[in-house]
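You will see subunit A twice below: alongside subunit B first, and alongside subunit C after that.
For the complex of A and B:
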């Protein structure tokens, strides 16, 4: 039951109506049942795995909380190890045992699907494990008390709007909301519907449309010239953004219908003025997770170990940043998948960030000498463009099927020009139309948030006209036979 | 508090219904406008489909995929008073052609129908079901093709609540079609689209066609075409046009041969004729003949048809 399907909308409608019919104190039970039902609609057998994981972790957290803070590091490491092993087993099984075939039947319980003869990653397991790890770490640090109600705990982990692709919710953010009562909230409900609508626009009009061209080019990269590959890479940058942020909008909007606020994952990342700024705006719940639970502990550990002011004429702080960021982004790359492409994708960001950190003073000096103001619109535009180009380069590795394909594509982009390939010019026209509308909306929100408001305009007629326009645009230009969300595989 | 909450909820539902009503009105109106302009398209893919469904009265109708579209030159088959129209379309196989057949048969009865087949014509392909979207603009006005379009998915009918959905991904084409342009109208080309390039590849591969998942919907469609042609006394011919690969153990070939034998239908296999497998210059690529090859093939087929008649 993908978010971009009619069946999901019918499911959501049914669950919302029934939710508000139940007495408030038992609504959480209905949400948990709906969440389990949602999960079962994919591959039913894996709900058993998730169920066991939830119960075991529930008791592990209570056990961890009972150990004094100074003595609980070993226990936390054991819990992390158990969870990581589970994730690694499913995520990397096929990579390490490519010849081992496992026959999974009944994978298409509700909808027809092809037979599966390899290990498949249970839907949302990566997000679930990362959510669990943050929960255990916060319990270990005594920042929160463990949840003692297994029902709320299960709903925290299995809440259907976020189970497939996040956001990776911190316990402090979601668990208290589960304990609150949620009467019908007009503004939140209306906001949720608008967010779902905009999410559908991103997914159907932008992401799935661009996917047609991107897949056509990248699946036969050897046959295409550098110009077409560059256009496809440019399209992919917007495809992946619209796909993932579209999913997030539908997830956040769905949660709002039940009175819950989830954490937003995106803040107009292609208007970032640096790579650091990009990661403050892209997949925010993952980047903050990595910052708080990987980078900062490493930095803290190293700052206690490196006693000298500098090593090899470079300050200790810069070495600490370099080591911390490279390890963090290596993990980030591996989390996305096994293979050199993901690893290099992660490492490239590590290199970008380290370079920016090491040359911070130098770039300040250059800017001063050239009398460039930091707030100058030209300078801001230059920074946005440069950041976008650097990110665009990383997407080649993310999208390529192998390292050799990625290097071939990069080689062709720089050496082989020619006309842009298209089967029909309309493939490009619809794609460009989607990008223009998306970026115009993002531009408005980034630079003039108070002006030209449509969906939140004070005049109802403007709001209604905006909704009608978006619905008609989706029906006219959306791709209704599109595929699943890209981040499902992670 | 509960009372207030209920009141707010009812007010919200009222507003939501109002918005849905406004959407419905706009959707209906825009759908009607698009229909008018869509049916005026006189060139390109959509103009060709409209012409085939709504206007052609050709004696000989050619159905099939891009292999049909680029290989059968209508003027070669036109002899004396006979007229011919090539309704073959890129990426459109049995189900699309079945819908086209049903729409055409409802309006008039051609004398002869030639169906070009491809090596994996009968395999299940999700893309082929998606391709049926080409026929969505005719869904409302042609009830005979609805069952076929509904095969696109279990909830396809739900989407048809919207009038605009029938013109999904067509708005820019419709806008361009209303602007003056120098393109050749479809009736002048008779559906045929020649390919000019010559294939550079001269090594011919032998391929074994994997049976894959045979699509029962397609076999049922073929059976219905055969039985309708019998009833309407239409001369039906299946043709396997030249292809730049040697196909072995073609399961599709076997199924169609069996169907034709059982029903007394002509099946002409010209896929690997020596006149073509020694002439890479007749091909635009491994699956399609160029214009030169298409003319040679059309003349040969015409002679074969005379012989078998």
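For the complex of A and C:
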């Protein structure tokens, strides 16, 4: 039951209507049942795995909370190890054992669609494990008390709008909301519907339309010239953004229908003025997770160990940053998948960030010498463009099927040119149209948030006209057989 | 801690932040300016701020308490430091 399907909309409608029919104190039970039902609609057997994981982690957290803070590090490491082993087993099994097949063809009622003969990653397991790890770390640090109600704890982990692709919610953000009563809130409800609609626009009009061109080029990269590969890479940058942020909008919008506020994962990332700024705006719940639970602990540990002011004529602070950031983005790359392409994608960001950190004083000096103000519109434009080009380069590795294909594409982009390939002008035109509309909306929200408001205009006629226009655009230019979201695989 | 010392401590932290992280052409920051969530201070760079505070005030702040939220304003930073000053 993908978000971009009619059946999901019907499911959502049914769950929302019945939710508000139940007495408030038992609505969480209905949400939990709906969440389990949603998960079962994919591959039912994995709900048993998730159920066991939820129950075991529920008791592990209570056990962890009972240990004094100074003595609980070993217990936390054990809990992290158990969860990571589970994730690694499903995520990397096929990579390390490509010839090992498990035969599940006899379990027809568990796999009603396609019998599988290799390990598949249970939907949302990466997000679930990262959510669990943040929960245990916060319990270990005594920042929160463990949840003692297994129903609320299960709903925190399995809440259907966020189970498949996040956001990776911190316990402090979501668990208190589960304990609250959520009477019908018209403003939040209408906000949720608008966000869902905009999510559908991003997914159906932008992402899935661009995917047609991107797939056509990248799946036969050897056959195409550098210009077409550059255009496909440019399109992929917007495809992956519209795909993932579209999913997030539908997730956040769905949660709002029940009165819940989830954390937004995106803040107009292609208007970032630096790579650091990009990661403050892209997949925010993952980047803050990596910052708080990987980078900062490493940096604090090293800052206590590296006592000298400098090493090899470079300040120890810069070394600490370099080591911490490279480890963090290596993990970020590996989290997305095993393979050189993901690893290099992550490492590239580590290199970008380290370079910016090491040359921070130099670039400040150059800017002063040239009398360039940081707030100058030309300088801001230059920074946005430079950041986008650097990010665009990393997407080649993210999208390429192998490292050799990525290097071949880069080589072609710089050495071979020619006419842009297209077999249907409509895909190009609609694709560019989608990008323009998306970026115009983002430009407005970034630079003039108070003006030209359509969906939140004070005149109902303008709001309704905006909604109708988006619906018509989706129906006329949307792709309705585009398939799953890119981040489902992670 | 009396009011005068508290203000001195806040100024010390504020001046360090201005010197290390803020450009002259950026607008003035105050004790309550959101440093990390507004992008003035790189959340990945706040370790140097922690080291400065630990060395300056001869304290040890546990890494689990030195969160981006606790470092978001000068007032919050000073509150955190005060918890560990003997």
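Brief remarks on what is shown
The definition used in the following text is that the second predicted complex is superposed on the first by the 478 of 490 C-alpha atoms of A that agree within 3 Å, B and C clash if a C-alpha of one lies under 4 Å from a C-alpha of the other, contacts with A are read in each partner's own complex, and residues count from 1 in each chain.
Everything that follows uses one rule, which is that a contact is a pair of C-beta atoms (placed from the backbone, for glycine too) under 8 Å apart; a residue touches a chain by one contact, two chains touch by 3 or more.
This is a predicted model, so every value here is computed, not measured.
By the touch criterion defined above, A:289 lies against neither subunit B nor subunit C after alignment on the C-alpha atoms of chain A. Legend: residue contacts after superposition of the two complexes on their common chain; A:280 is shown touching subunit C, with no touch to subunit B. When the shared chain is aligned, no partner comes close enough to touch A:244: not subunit B, not subunit C. Within the superposed three-chain model, A:317 lies in touch with subunit C and out of touch with subunit B [touch as defined at top].
Applying the stated contact rule after C-alpha superposition, one finds that A:218 touches neither subunit B nor subunit C. Legend: residue contacts after superposition of the two complexes on their common chain; A:190 is shown touching subunit B, with no touch to subunit C.
In the superposed model, A:468 lies in contact with subunit B only, and not with subunit C. In the superposition on chain A, none of the residues of subunit A is touched both by subunit B in one structure and by subunit C in the other. Listing the residues of subunit C that touch subunit A in their complex gives 23, 25-26, 39, 42-48, 50-51, 63-68. Put simply, subunit A touches subunit B in their complex at residues 5-7, 20, 183-184, 186, 189-190, 193, 426, 429-430, 433, 464, 467-468, 471-472, 475-481. On the side of subunit A, the complex with subunit C involves touching residues 140-143, 276-277, 280, 288, 291-292, 295-297, 299-301, 303, 317, 320-321, 324-325, 353, 357, 364, 373-375. Partner subunit A is touched in their complex by these residues of subunit B: 1-2, 5, 8-9, 11-12, 16, 19, 22-23, 26-27, 30, 130, 133, 152, 155, 158-159, 162, 164-165, 167-173.
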